[in-house]
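Below you'll find the structures, each written out as structure tokens.
In what follows, chain A forms one complex with chain B and a second complex with chain C.
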Partner chain A sequence: MGEGLFSQIFDLLFTTSFAASILRVTTPILFAALGGLIARRCGIMNLALEGMMLTSALTGVVVSAFVRKAVLGDLMPADAAYEAVSGRAVAAGAAAGFLAGVLCSVLMGLFLAYMAVQLKANIYLSGLAINTISTGGTVFALYLAAGEKGMSSSLNSCTMPVIDIPIIKDIPIIGEVISGHNIMVYFALLCVPLVYYIVMRTSTGLRIRAVGENPNAAESVGVNVKKVQFQAMALSGLFCGFGGVSLSMGYVSFFSRGMTAGKGFIGMSAMNLGNATPIGTTIAAFLFGMFDAMANILQSLSVPSQFIASIPYVATLIGLIVFAIQTDRKTKRLKEKHSK
Partner chain B sequence: MTSKQIERRFDAFKTFMAIAIALGIAFIVISFVSESPVEAIATFITGPLQRKSRIGNILEMMTPIMFTGTAICIMYQANQFNMIGEGAFLIAANLTTWFAVTHETWSGLPLQIACLRVGIVTGVVAAFIPAILKVKFKANEVVSSIMMNYILLNVSNYILYYKMRDTVSGQQASYKIPERAKFAKIWTGTRVHTGIFIALAVAVLMYFFIYRTKWGYAIRMVGANANFAKYSGISIVSVAMATQLIGGAIAGLGGSVEMLGMYDRFIWYGTQPGYGFDGIMVGVLAKNNPILVPLAAFFLAYMRIGADVMNRMSDVPIEFVDVVQGLIIMFVAAEMFLSKYKHKLIVNNAKKQLEAKEAAE
Partner chain C sequence: MPEEILLMDKITKVYPNGFVANKDVTLSINKGEIHALVGENGAGKSTLMKVLFGIEQPEEGKIYIKGKEVKINNPLEAIANGVGMVHQHFMLVPSLTVAENVVLGMEPKKNGLFDFEEAVRITEEAVNKYNLKVSARAKVEDLPVGFKQKVEIIKALVRGAEILILDEPTAVLTPQETAELFVELKHLRDQGHTIVFISHKLNEIKELCDRLTVLRLGKSVGKAIVADVTEQEISKMMVGRDVVLKVEKTKAEPKETVLKVRDLRIASDTGRTIVDNISFSVRKGEILGVAGVEGNGQSQISEAITGLLGFQNGSITVNGVDVKGKSIRRIREMGVSHVSEDRMTYGVAATSGVKDNVISDRYYKKEFNKGLLMDKKKIEDLSDRLIKEFLIKCDDRDRAVKMLSGGNMQKVVVAREFSNNPKLVIANQPTRGIDVGATEFIRKRLVELRDEGTAVLLISADLNEVLELSDSLIVMNEGHIAAYIPDASSISDMELGEYMLGVKKQTPEEIARVAYD
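Then we have the complex of A and B:
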């Protein structure tokens, strides 16, 4: 590796388009991480983030395409009224797709909660089972809806709008990086304080944390543990649903098989590395998003991208060790305090 | 009946019901989707047996699944939910290929044995990391093993791409594995190879290990009640460590066997072959009993081949098998599924015993 390569990498990494791509790539990871965070705070390791995102991504695309078609009716692009109706159709399609995708993910969250809480199924196995069902089920459903197994490009689905932020968009460099993204990007950023508020400042959040820390103690003070777990899983599904919709209705307007490509698990790693705190999780999600974006770029430069692609997982392993040592020390300290 | 007999009978019934319900759901969906549902379902059920080559396909497919399934059984017996099977299988297959293509000059048997040894050692090393993180740092083995699987996938991609890629082959594939390293085919007209005997031997061996040795007893004890095991003087740390390493070794061996038995080149680039998850399904179906692994693996392979035949003969996409697979896992894993029926069984049994006692008096 010569100096030439390094300067090439530098040139690619210090561009506004790279900075903007970090925001773009991080969005679904961040949503998944937030979804995992709420479940984990309730003591549930939700391995189904991936499957929930995948299913809601497909549902969003299919529903938006059908609603758009229904609103347009028999109008052809040549018709006079087409222009006026088409805008409305796209808006209705996008809204319906968004809602349907998110609803689908919430229902899956509740289903997982039913399996784990009511039927006492092993949470890891049922989470992984949901992923398998989603992987196959989405391809199956895609084949029924679009007649192909790879992509939904034959469906005319809608995307969420792109937002130009006034004033900021005119600032050089910053404007290019921050403005002009899909609305889901900004929504993801807004969800961070929202999740913080839900988990840390509401009574539901308090109950979720109480159940996560010690379900028996929570139950002894009158908390309905099962209900809280259902609530947490519904919330987890909600954020995964946002993530799924952002994948298929954000920068691209189609669903392709397996399009989550491990983003759910990267989100779960980010949540683990951030130790399920909203701020830590967000920082970790952005770090992983950056590595993901970097791996994409470095692929074009004959640098072994496999190393970059491994960074999130290695970082999580190290994170797991660090937290384990910290908790160990904390418990030891507490024990010493009490033995005095 | 003793309570153990009831338990066993109920387990079998529950597994049967889970399969029946999952397949029932699938058939209902098929009858809505397909133009000729009866024929589609018929090909699914009888298709795999109609040709010799398809029966061969079943046996070929169940071989790797038996390895990962047995690996899962051993680990889950001690409640170690290590998911490393997938990664261990992949990286072992990868390094086996690398070893074979770089030691072409070796003669047949030593090369094969060395290859299998590479697979076992690789599997142990792969499983060691989540295992040591669990026992030393109490890090959740589920999370860390899934992370490891992604890391190993990248390592495997790297080795394939930079160390053994055959640029002439035109795709992402390794150099050809030398012919003499490969396992012999045992059934003409199919690709069934001697590796299936290794798989069966491992399953039987592990059954004896789990149910007939002191070590196996310790493992089952830790799985049933870790605290009780601890107070009986069983070292939980060494059991946790040992089961995960054995599991890794078996999955790694499976990767080697699959490579030497079925493939000319290493071709898994960018995707995991998925045998790790199939292993979980098999382990769940077999109730973590290695002796039932061949049966469960046969069932899964049969279902896969059936779906494949149906996919080609009718208008139903093969992917519905994944849905069936997921549903079966869920129903079998659900403790409370059919719990009312179990309750009834126990009550009826108790009543009968009481009556018998009264009659005797």
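Then we have the complex of A and C:
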């Protein structure tokens, strides 16, 4: 079986659809990583990324379904006016769901800041508490909204539009990989320079970095440290919220329990691996996204699914270890070289 | 008639734990003077300045600036009132550039983005105006301490500080940097700025200041015009008794070699060679001084000997046992004590109590344990004894170390390191930030340790200290040993300075004499 399996794997991996799926799978990870990046730059480890994504994914689905229904009113597919209104209803539902999902995540970021900064609760415990509440809370809310505990498929929720890039879409191979994705994929890529500018080029970013490194120094020149931390956590929630809605309103149009499946934590690891720099974080996010995509594809093979499901997490762990060893080796080598 | 720019009238400050750090303190400062604030460790100098800068709120008393009563509730209001402060521990963001640190909190903007070029311009304007030479585009973490301090001063000045508080600015500076700072401060005074200067070094006060105010145990006990009083008189006002600034010391009687360092080479994380192939020995019953401008490898040597820092080449042995690869505890159990220059990182656990700090190197030993539990009584007895013996000013043995004054933190470190029957003491800047009385005490203890047969390696940027305490002496320059002086009393300040700056260097043969077996 060995040889056959390997050639099967290769056949699956060297395809344009695999390359395209990397982009797709990386999107929520990248959003989470950017959210974690901003928080860490201001000295806060935002462990709640996972829960914030999950909650905003559900909020997006529920709100979009409700808005869509409200716009459609009593119209039935058989009605004459249905065609005309339906398009508008989907657009309104998607926009409302997107905004509501993101807003929800921002509020959760602010809530975490309130716990950690204002009330001085332990940041790790507060973050984990938010995750735990989100895991149970989303199932409960889902039950209230859809009458189900597993999936929201009974809700008619909307998705964000798919974009075909002119010209590029006609280039063979490249077109298939790059064009025709959900708008959130492109938005995620745009957010990388955006985060770079926010963190490195604005005065708010300068304050965020100063507060993260030496809050006493920032305070001594009159920077309002708490305010900066709240701002950073709101931004962290914003990007994390993009990640959440990209999960439930991008390629799929439903919410399912626990659908983040650790993507928040993987984003967190990507941010750490990238040392909280926008570029490094993005590269690491793509690396982890690749393993995630690989796991998806390999599911069709005769390999135990538990093994495949563990690939992205094991890859994350290995990534972190390799990174640590590399850094250590590099300093050692530098030292040796100069002591000849 | 000099104009009074600042009056702090009957200030009383009680910390939340009930400790009265200032009691009816009055401080009057004239425009355009450099005013010294002196007093023992824990006398309340930093506290008084924190009140002035709005970090602490006084329970009683009034502050007048230019004759007008002001309320200063936070640093921002202090800045608005023209008060700037350079803290005892720097308030800088290391990864940012000088310009970014300078404008932090008042960033210039262009098109909604931070305008870095404008920040550079603001900084350079101040650099030129006040003659404080520092590069606006340099990263703060790459700067030596002296330059960091300039950044702090510029920070205060661009915010319009007319009254500049400097809390022990020279404690971390080399003699050269200190001299440079004094020139800059006098320049500032001539431009009409007023300076409050805190220092334990009386010669600096004599050189720089116009008038002085003495604090003792939280009260203001005296004022004087600096030119009218001698150093002896100042220290008597501070301590309340005569202080012997000179340590009595007999000739050393060195015995067998304890510490042997051979061909030691240490590189930094970035690969720069910091200590370059040096060899020396320290014998039982002698104090070997290490003189040199700070940052020439002295700290790395002390960290390598004590196991805090790895080294690439060479060997270090203590009483014939190699320290390489040994854990810090093993090295300590060989009788090595270490007073680190960086007391906040290696010296103390700041949030733990005095008691926990003084037993942190021996808590696991049999004598402090009863079965599975620690022997509370013995530990308390020991810490009470050390607090008394080393004159640590604290109201309770469980008081968190970070609440002590800077000098008293240092005493906690010294108490622990000198009291564990060391065979070898590595003392790196042991009296930094310590008042005259306590300095006298620590120096005496070092000599006593020597007389009891301990080998002492004394690293100090304070030339007086090295010259006075050392039996023999090595001078470090750029990671090399530039000179070995077998009899420390035979060398002049001038000559020492020349070796330190690398102007003069001994032959390899002369230097090799310090590597005896």
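Rule of thumb we're sticking to: the second predicted complex is superposed on the first by the 296 of 340 C-alpha atoms of A that agree within 3 Å, B and C clash if a C-alpha of one lies under 4 Å from a C-alpha of the other, contacts with A are read in each partner's own complex, and residues count from 1 in each chain.
Going forward, a contact is a pair of C-beta atoms (placed from the backbone, for glycine too) under 8 Å apart; a residue touches a chain by one contact, two chains touch by 3 or more.
Just so we're clear, the structure is a prediction, and the values are computed from it rather than from any experiment.
Chemist: Which of the two partners, first being chain B and second being chain C, lies in contact with A:Phe6: first, second, both, or neither?
Modeler: neither
Chemist: Of the two partners chain B and chain C, which one touches more residues belonging to chain A?
Modeler: Result: the larger residue contact count on chain A belongs to B.
Chemist: Applying the touch criterion given at the start, work out whether A:Leu206 contacts chain B, chain C, both or neither, answering first, second, both or neither.
Modeler: second
Chemist: Could you pull out which chain C residues touch chain A in their complex?
Modeler: 74-76, 79, 85, 87, 90-96, 100-101, 104-107, 109, 112-114, 155, 159, 265-273, 312-313
Chemist: Can you name the residues of chain B that touch chain A in the complex?
Modeler: Residue list for chain B touching chain A: 33, 81, 83, 129, 133, 137-140, 142-144, 146-148, 150-151, 154-155, 157-158, 161-162, 277, 280, 284, 317, 319-323, 325-327, 329-330, 333-337.
Chemist: For a test of understanding, state which residues of chain A touch chain B in their complex under the given definition.
Modeler: 45, 47, 115, 118-122, 124-126, 128-133, 135-137, 139-140, 143-144, 149, 262, 265, 268-269, 272, 304, 306-307, 309-310, 313-314, 316-317, 320-321, 324-325, 327-328
Chemist: Can you tell me which positions in chain A touch chain C when the two form their complex?
Modeler: 197, 201-203, 205-207, 209-210, 213-214, 216-223, 331, 334-339
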